[in-house]
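We call the chains A, B, C, D and E, going by the order they appear; numbering starts again at 1 in every chain.
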Amino acid sequence: MLENISLNTIFSIVLIFCAPIIGGFLMGIDRKLTARMQSRMGPPIIQPFYDVIKLWGKEPFISSTLQPILAFCYFGFSLTSFALLALGQDLLLIIFTLGIADSCLIIASLNSKSPYSVLGGKRELLSIMSYEPVLLLTAISIYYVTGSFMVARIFYLSYPLISYLPLVFIALIPVLVIDLKKSPYDVSASGHAHQELVRGVFTEFSGYSLALIELGHWTKVVMMLSLVSLFWATNLIIGICLALVLFFIVLVIDNVYPRLDWKSMLKTTWSIGIILIIANIVGLIARVVMHI
Amino acid sequence: MKLIDVGDVIGMSENVNTNKKYSVLPFGPQHPVLPEPIHLKFIVDEEKIIDVLPNLGYVHRGIERGCELNDYKRNIWLTERICGICNYIHGATYCAAIEKITDTEVPVRAKYLRTIWGELGRLQSHLLWLGLFADAIGFESLFMQIWRDREIVLTLNEKTNGHRIHLATNMIGGARKDIDDSLENEYKKDLNLLRKKMDALKPVFYKDSAIKQKCEGKGILSKNKARFLGATGPTIRGSGLKEDARLTGYEAYGQLDFKPVVYEGEDSYSRMLVRFDEVLQSIDLIEKAFDQMPEGPILNKNDKFPMGHTVIRTEQPRGEVFYYVEGNGTNKLTRCKIRTPTASNIPALINMLIGYEVSDIPTIVHSIDPCISCTERIVYVRRNE
Amino acid sequence: MKTMTKARLKSPWVLHFDCGSCNGCDIEILAALTPKFDAERFGIVNIGDPKQADMLLVTGPSNKRNQRVLKNLYEQMPEPKVVVAIGECACTGAIFHNCPNTNGGIDKIIPVDVYVPGCAARPEQIVDGIVLALQKLAEKSEKEAD
Amino acid sequence: MDQELLIALTIGAPTLAGLGCLILNDKIARKVIVSLSAILLIGSSFILFNGGGFSYEPNSILDTLVLFFDLMLLVYFFYVGIKFKNILVIGLSLLQLLPVLYFEFILHGVEGTPTFLIDELSLLMSLIISIVGSVIVIYGLNYMDEHEEHLHIQKSRQNRFFFFMLLLLGAMHGLVFSNNLYWLYFFWEITTLCSYELIRHDGTEIAIKNGITALWMNLIGGVAFVLTLFIGYYYFNSIAIDEILKMYQSPVVLLFLAVLSFAAFTKSAQFPFNSWLQGAMVAPTPVSALLHSSTMVNAGIYLILRIAPALNNSALSYSIALVGAFTFLTSAILALNERVSKGILAYSTIGNLGLIFLCIGINTPLSYASALALLIFHSVSKGLLFLCAGVVENRVHSRLIEDWEGLIRRLPATSIIMITAMLSMFLPPFGMLLGKWVAIEALSSSYYISSMLIILLLVLGSAATSVYYIKWLSYLTVLPLDGKNFESEKIPWSYVISLLTLFGLIIIMGTGVSSVFNLLILPTLPSNYYTNIDASIINLNTGIGSFVTYPLWLIIAAMVFFGYTLSKRKGGTVKPPYLSGENVVDDPTVFHTTADGIAKIEVSAQFFENEFSNNRLLVLSKILGSIIIMLLFFAVML
Amino acid sequence: MPKMLKEVIKNLLSPPATVNYPFVKPTPVPGTRGALNWDMSRCDQCQDCERVCPSVAIKVYPEEKKIEYQPFKCLFCYLCIENCMQQAISGSDIVAEPAYTKIVKVFKTET
């Protein structure tokens, strides 16, 4: 038993440090697939790594002395929240830690005196405002199934989570879209700067602080996708496939939608997302009550 | 008729509340949404646009003065480079102006050729615009799709005269190149292919709800304002006005039974639809022109130096272009004044922007199809201040 | 320092600035990014933000007003950076030689590393130019490493 | 030491000190008196806290005195109403005066023994009041000097200011110790008086207006109290709270409790009674600090905390939670477009009070514990935030957070304290977030479909909360581009003492969240609650989740450290912002623009004024709030 | 249903439209206006080309029997080719190449 746990822990720790790397590959796949959907050839899969290494070696420009520290914190806390997830900790805590990471990014972008960065930061704030409730409600709905907020408990289920929470799963799609900064909700920034806000939140980052931000973003993506893979935790292989399918869906969505504004983002998540989750929870409770 | 000060319409200073702190946003000259340099100073309340002040002149090269310093024949190439997108029509208009002063009769076949190439230019330009517009509203895949299909037109250009952008087939007195039968067939084949591709994209532009959400009701330009502010081209036709210089029947348009595309929506969406429909219309016009084009010479050389003055209007993809050319019988012109469509659309643009959100800026700015390179003069906007 | 040079070679993020061109070259730059030529194969991203760009693509002859913008953008780009003048008029002013408001080539304002001919420069030429510029970037990178 | 004496001391010492200040009106004397009474107060509440619960029946002469003063008070309120021609005040004071007269002289009242019943809850409250309250009053010593200097007041009015400040502290102690409804009511009215007098202290038009608003809103609570007196008289023949609470849950008991909670809503500024607390920010900062953190608003919470165990599983309890949740969400959204620093703090207070109400309303052991935790953490953090806001305001001469841009450079010490306090309001692993966390856990485990609505309001509100704090934080941390260095800052001693005390408390309580739970909260839980919270040193286990604290602290420290070293090693030149290439050389704050002019960059884009317009929302939320409260009574009737 | 979906899926399933330039050199379209070359044995220094060139990229030095041509100024309009009576100028369909410096090409009659 004890050996088992320590083995798991070691595995988790290895996983934690691999998270940014996995994220990098995911972003590479993202760019390749996106290119293919646009009938282009696309960059090599390891392109994101080239980007980050290059950024690391650029001449350091900063917008204020706080900026690199906050960029580092963004990366660090994204990693922390993933670590908490990998170690099977409390879901709420994980979401709140993710909140710290986002706050770091936002503060770093808001306190540079650049109009684009500030507007981007504001919209990033609104993105948080739109997806955090959905995430929290997801955690709560998971609680209704497992009776605990601990991630570790999900693995004790005999049926995959998705069989209880199909609607919650759907509600996570817009969250993922927002998090990956994809159309239609790439309101605060997008990968390529074809945006009214230039690079939005990222406008004032450059060189190594941008590299840190990229790393943080990758980690965050991995963390969100792992959250999704928990929906089939009885067999993690399927879970990971599930996450990848969702990832693919998000990419397709990115390619079939124009960018909408933040109001419709807020509307979607606060109405459709939340209604889906609530409906699911109500159904869940109804099921329990019926059985009794 | 009462004269109204432009400032009355453009200056929205009454919106500005002095007690409030507004954001001041520089938009351009370097901005990823607008590949061309124009500076718009936005006064923004949160995200709502309160006021816009344009600053032009980043592309001002002094072409009009250049035209006076150049040999008048070289000006064909200079006017083509007022803009790379409508290069053909600029050159053709200039040639037409010179022909008019020097009383040169242009062969009928050359007229048809000019019509064909003019429409090909429009096709190229509108496709380019549809792509850029898609990109501006954040629809990258649509942008890629359209630009992929646009390559068909560029290849046609290349087959015609060896270059993708600058067709360089203008000559005073006719055309520099002819379209022979095999080329004609290629034109027909490729355009058919293009039409198919556009038909596939039709539902995206006509029916996609997200695009509608993004464009409908954005950048309203009412009929009256459109006329008053001097909007031209698809911008005014999207406001329900039947304004098109092609209606004058210059070149071969008189024989082609041409009817302008008009949409009544007064917003960015109808302006987009006007352009999309014009793509299809251009394909039709080219085909019709091929059917009617007579055999014959294409060039009627006349080396008379221009003497006297004239004006000429033609329809560019973005609207009406206006040339005033004056010569004194030497090889140098004394005046060449060009009024380009985007320059006349800028006041309308400023007017459209006010009251919308920052996230609508790309939609609205692109909806007039801003082509700054021909708006190359300094515009003073008088304000009521 | 090998990996760094390689990464730099593989990931040129470009900033495009229109310095008063006729649009011919600008649309060809965009065309280079679109499916037929797909510059992203080389990791090229049109980033739009000088602070994150490695390569400045300039079109147009530069005039008296936008020269300060050009200089400013150049200064806002972190080292190592390269400048590519795209099109005849960015190289020399070409057709605009007697237009009074032009400077005749952007190399009068900022140092240019690579000149791409053509009016308008074709996407192939632009890709070639960028590849050439990358070699310059590699040189700069190696020099920096020493 | 004699506990009775200590009780007398906690209530009497501040009151007497206040009287002393009132009479002497001298700078030095005031300083001595205030400091002494602060020490006395903190000391005695500490000793009391260690001593544990007991009951105490004072001399019956005091009953008469209380009656006398109470009538005087009501008459004074009536007079205020007449003076300012405010129908509401007149009516509401008459509505109290006449029934009280009737109650005492015609019905001859009922017994409510023991008059003082002190349990762990009261002691905890007393501890909070005395520590945070004293710190604020000490802070006030210096603040008021600056304040009067700033307003060019010749003849100091500080005597009456400190009188009411100290009186408020005394009355609050009386309030939390009383068991007799009548005494409770009396202290309640004193706090109303103090708040009214303090809010209108500056005597400006708006101050008086807001004072009156506070007065009538609080008087509504008073009327509710009078109603409870009658209910107690007619149905239970007792006005001792502990007895009534012990009774079987009959509809009448519920009605009684509902009326009490109604009173609590008014005092704790829940929607629709939020505007008085909002208006309180026109008062000098110590007043707002005191009202918002440890005294006034806590009175309402205390009342609900007291009655909550009796509410177990009732619709009333649920309605309280709903009111709280609604307030939490609305205030968070309203705070989004507030520009005035104290206004944001006020909304944040209202919201957090809502959160506490919510927790109490859920009424599980876990949520009750989290309510207590929130109460403690909120009092300290909010007190500190107000104090810092006051310091800044006296230096910067503006209340708008936009004008506080780059404060970290101008006032580094204060800003760092303020930033810490802000972080402690919404980020893990500080206590406030912990409270929120526990609340969500408790809510989820309550397993009612009806609690879904509350959860929803909570999660939405929680998202909005972080938005306005992050925005504010970013304003503070802007480092202007002109390249100037940090300025050193001089802070007077009384500021230093008060700021550092609270700052220290935040840090200690933040790092030792588990100890706070073990030492302060778990013992305070009412005996009928059994909770399985396991507050070990590493994390806090609630049985359904766990909140790691120490590892998180370590990680945060590590992040900041590594981030700092990295930024030192890599360095970097500070570059002007991206302005589409139109930067002006030499001046990073302007850009070239139209007509060859130069314009200043202005970025003020974070108040969402067009989207969440305050006025409309305020009206809407008030209406909704009233409806919810009406529903509350409706629920009780059923 | 988003209307673009069909196109996107179609693109994903069909090969990319990319020509893998520069690894795959496409065959130039006949008539492409590419780099210029002077056959000085034909040239009679009539200066026609210099006169018609819209961007003054050609300079003819009749005394030295030399022509200076600036490929970085040339528009590739082929006017010079069309106007050269001697047909001394030829164009190729290989486009001009980018370079580190603005080369000036000098053509001289071998004597």
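We take it that a contact is a pair of C-beta atoms (placed from the backbone, for glycine too) under 8 Å apart; a residue touches a chain by one contact, two chains touch by 3 or more.
Note that the structure is a prediction, hence the values are computed from the model and not measured.
Touching chain B and chain E at once are the following chains: A, C. Looking at chain A and chain C, the chains that touch each of them are B, D, E. Summarising the inter-chain layout, the chain whose CA centre lies farthest from the centre of chain A is E.
When chain centres are taken as C-alpha averages, the shortest distance to the whole-protein C-alpha average belongs to A.
Ranked by separation of Cα centres from chain D, the top chain is E.
For this pair, chain C with chain E, the centres built from the Cα atoms lie 20 Å apart. Between chain A and chain E, the centres computed from C-alpha atoms are 51 Å apart.
Centre to centre, using the average C-alpha position, chain A and chain B are separated by 43 Å. Chain A and chain D have centres, each the mean of its CA atoms, that are 36 Å apart. Residue positions of chain E with contacts to 2 or more other chains are 2-4, 8, 11, 16-18, 20, 54-55, 75-77. Contacts with at least two other chains are made by residues 23-24, 26, 29-32, 47, 70, 77-78, 139, 141-142, 144-145, 148, 163, 166, 210 of chain B. For chain C, residues that reach two or more other chains under the stated contact definition are 17, 34-36, 38, 41, 46-51, 69, 73, 76, 95, 119, 122. Touching chain pairs in this entry, ordered by label, are A-B, A-C, A-D, A-E, B-C, B-D, B-E, C-D, C-E. Of all residues in chain A, only 31, 35, 38-44, 47, 49-51, 53-61, 191-195, 198-199, 202-207, 210 touch chain C in the complex they form. Taken in their complex, chain E has these residues touching chain B: 2-4, 6-8, 11, 17, 29-34, 52, 54-55, 75-79, 93.
Interface of chain C with chain A (complex): residues 3-4, 6-8, 10-11, 13, 34-35, 38, 40-43, 45-49, 51-52, 54, 76, 78-80, 141.
Listed in rising order, the residues of chain B touching chain C in the complex are 29-32, 35-37, 57-63, 65-66, 69-70, 77-78, 81-85, 87, 128, 131-132, 143-144, 147-148, 151, 154, 163-166, 371-373, 376. Of all residues in chain A, those touching chain D in their complex are 60-73, 76-77, 80, 84, 89-93, 96-97, 99-100, 103, 106-107, 110-119, 121-122, 125-126, 128-130, 132-133, 136-137, 139-140, 143-144, 147-150, 198, 203-204, 207-209, 263, 270, 274, 278, 281-282, 285.
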